[in-house]
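A quick write-up on the structure given underneath.
By letter and in written order, the chains are A, B and C; residue numbering begins at 1 in each of them.
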Amino acid sequence: MAEAILQVNNLCKSFGGVRATQNVCLEVLDGETHALIGPNGAGKTTLISQLSGLLPPDAGQIIFKGRDITGAPAHQFSRAGLARSFQITSVFTDMTLLDNIALAVQAHDGHSFRFWNNARHDDRLRQPARTYLQQVGLADRADQLASAVSHGERRQLEIAMALATEPGLLLLDEPMAGMGQDESSLMIDTLRQLHGKKSILLVEHDMDAVFALADTITVLVYGQVIASGPPDDIKSNAEVRKAYLGEDAD
Amino acid sequence: MADTTMQQDPPPATTRRRLSWTGLFSLLIFLALAILPPVAFYSGHPFWLDIFTRLVILAIAAVGLNLILGYGGLVSFGHAAYIGLGAYAVGVPAYHATYGGFDLIASYNGFVHLGLALLVSAVFALITGAICLRTRGVNFIMITMAFGQMIFYAIVSLETYGGDDGLTIDVRSEFPLISLDNPLTLYTVCYTSLAIIVFLLYRLSNSRFGLTLQGARSNEERMRAIGVNTYHYQLIAFVISGVICGYAGFLLGNFTTFISPEMIDWTRSGEIMFMVILGGATFLCGPIIGAILFIVLEHLLSEITVYWHLPFGLLLIFSVLFLPGGIIGAVSRIGGKKGQRNG
Amino acid sequence: MESSLLLIQLLNGLQLGILLFLLSAGLTLTFGIMDFVNLAHGSLYMLGAFLCASLTLYSGSFVLAVLLALPLTALAGFALEKIVVRHLYERNHLDHVLATFGLILCLDTLAHLIWGPAGIAIPLPDTLNGQVELLTGVVVPTFRLLIIGTGLLAALGLYLLVNHTRIGMLIRAGASNRTMVGALGVDISTLFSGVFALGAALAGLAGMLVAPIAEASIGMGNDIIITTFVVIIIGGIGSMKGAFLAALLIGLIDTLGRSFLDDLFKLLMSTEAAETAAPAVSAMLVYLLMAAVLAVRPQGLFPPLSR
């Protein structure tokens, strides 16, 4: 039985009077792909933001690799090995794809208080960066500006940047959002290749993708976890069907 | 919300193709600055040498500001304070060496002046930067402005050093082997300094540090999400930038031999910013072009009318409205290179 | 230290605070609603002072001059908004700063061209030139009370504007986006021009109130604008309430610092040292206060909710 790489205990966050996450408990096992689903406004993005350190929770605990990292600043979450992609694509648009990845590699490679050597000619950064680009199928785009590539490619770039920080756990916030059919299936391929090699916590609306990829699914409704388990259990869970899948049932 | 980062025309981080023509252009500028002033001096136009000296000193300050403004994307409006601190680091020890008192620093020794200029500007940048950098956008602009003005008022209130009326430096910084009293020597020192600083910044801008700084400008949240504490990098850049301007102040004090709070006034900060933006924060030598334009305009316009600030101000407004990206941006648009971005 | 002296200095501080509030109110309006940073706000203050001064000299009546100068300053603000400022809303703050810096150079030079390099001093009308004995031993000039009264009246008007109108709703929400303004169903273009003109009039009013006690001079706005910035930074940029409280705070601290700091220092150090240190420290006092506030609260004391 695999160990839990991420353990979330009773996480709470309110905005004004609105409770975005209520006593959320979650466990991601090492190596599994864990999907987080729920209708709009269920608090998924709020949860991911807390798990990546961008939002401090009001109460509860985030334990990653056995270490309590609740309340630490964002950059330390990343240091600890939690890497996220953003729902709205967030890359360095004025840099080339290769530079984007190289920057992420560099961020993982200790401090950057190095003022002299040209980092663009540094093989310790460039080689791994090329490998990551290759992994997401963007090797031939390496020298293009991130602002010049397609939306789907930018999302792939985000995944590669997250990978470049060699995380223990990837937090992917709707990686398929706004993608066409072809781009989605490309992304599913990429994620499937990572399956088993990386622990992934995936927030996604695309149910086909979720059921194709996930080992475990957790359902969040109104900030609360209403069910968690293997895909088949979730599919047949009455409460989930009522609260969530019911809306989509044909 | 409009952000203070330079989103209108961010310098592309990879400039391999552009480097060839901007590099050539920079080389031409440096060549001209190496040849013209000595020629002017020896052909009996020492006045022109003075203009060039002032130009090069302003260029150093502008290049220094550009590190935080162009590469860091942080709009600091208080950089004249560092020039003032650097200049008073020459004036104050020299004053005490002449009139006594404050034995700790009283000296004509150039190394004392230089050391003091760099130290004081570094410390001031470190303290104010630590506070300013906790804020962003318009807060950052106004706070840097306010700290700059704080130095202004502090110096105005120091009657010992002339207060409002300023202070005359009777003896320039003394160095072994060279004498800054010789205008050509002084120019050579300024020119060499500019060349060295530009080269150092060139190395820095492509180093890991430089890329981190530019990454934070491009997308700070992303930078944090890949595990970088941007604050520390920006603070160091802020200090380096302040120290360069402090050094420019040290040179300016030795050049003008008269220093006054007027050189710290926030409108001076605005002028340096004008140089950076008009020349183009998009590449390393842009601020130098901006400084050249500033000096040329100042002399051309003030020859036509004593009210030269009026056309100058109008020009500034027009350039903001119609020349985003500065002269370099305009030239590259006309040249059709990199014409359309973010399409 | 006499208590009457303290009381008089408190009133002086209050007066400075009121003037700072009139200036920061305009900045808060333009920043809060249009997300626009206006360095040239101080030039409007100068413009108000000059208009009032020359109209006083021309008409012989200070009150009449103020009544004429107020709409004129508002008109100038309106024109500036139409000609320059409105083209900058879509730009970033750096462009705002640079363009309005250019505007300062233009306006200062224009004032120089019109009114000459020297300042204009104007006499107070006799009715306002008297003194009032508030308490025994506390005699204050009537005009100072008038300044304070006018300022408080303006503050009341702004309070009503902010709390009881739709424009005020925008400020309270800290909403500087067009969709929000559009959603309220107002004509954005007119609203923005009007708000800018109102801000200009408030700054001009401050200049007019200062003209009889200081004189109208070139560059007078450039000194006070930075103190105004300190006010709105401490208050929390975009917050009217913050601007009001911070303005009074800064006015009092600056005035009291200048008058009593050397006495205070003399208790702690030699007279000679105190006489050197006190002016320097009192000149920096408000900035040090700003640094202290920011170290604890980077967004100022009363930041608007959504910023």
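Of note:
The working rule: a contact is a pair of C-beta atoms (placed from the backbone, for glycine too) under 8 Å apart; a residue touches a chain by one contact, two chains touch by 3 or more.
All values derive from a computational prediction rather than experimental measurement.
Chain-to-chain contact here is organised linearly: an open path runs through the chains from one end to the other. Summed over C-beta pairs in contact, the chain pair with the top total is B-C. Our note on geometry: subunit B versus subunit C, Cα centroid distance of 31 Å, whole angstroms. Note: centroid distance subunit A to subunit C, computed from Cα atoms, is 49 Å.
Averaged Cα coordinates give subunit A a centre that lies 43 Å from the centre of subunit B. Per the touch definition, subunit A reaches subunit B in the complex via residues 52, 54, 73-76, 78-79, 83-84, 86, 90-96, 99, 102-104, 106-108, 112-120, 122, 143, 145, 147, 161-162, 164-165. Listing the residues of subunit B that touch subunit A in their complex gives 10-14, 203-204, 206-212, 214-215, 218-219, 221-230, 233, 236, 341-342.
The part of subunit B that touches subunit C in the complex is made up of residues 1-8, 75, 77, 128, 131, 134-135, 137-139, 141-143, 145-147, 149-150, 153-154, 156-160, 265-267, 270, 273-274, 277, 307, 309-310, 312-317, 320-321, 324. Of all residues in subunit C, only 31, 35, 37, 39, 84, 87-88, 90-99, 101-106, 108-110, 112-113, 176-177, 222, 226, 229-230, 232-233, 237, 276, 279-280, 282-284, 287-288, 290-291, 294-295, 298-300 touch subunit B in the complex they form.
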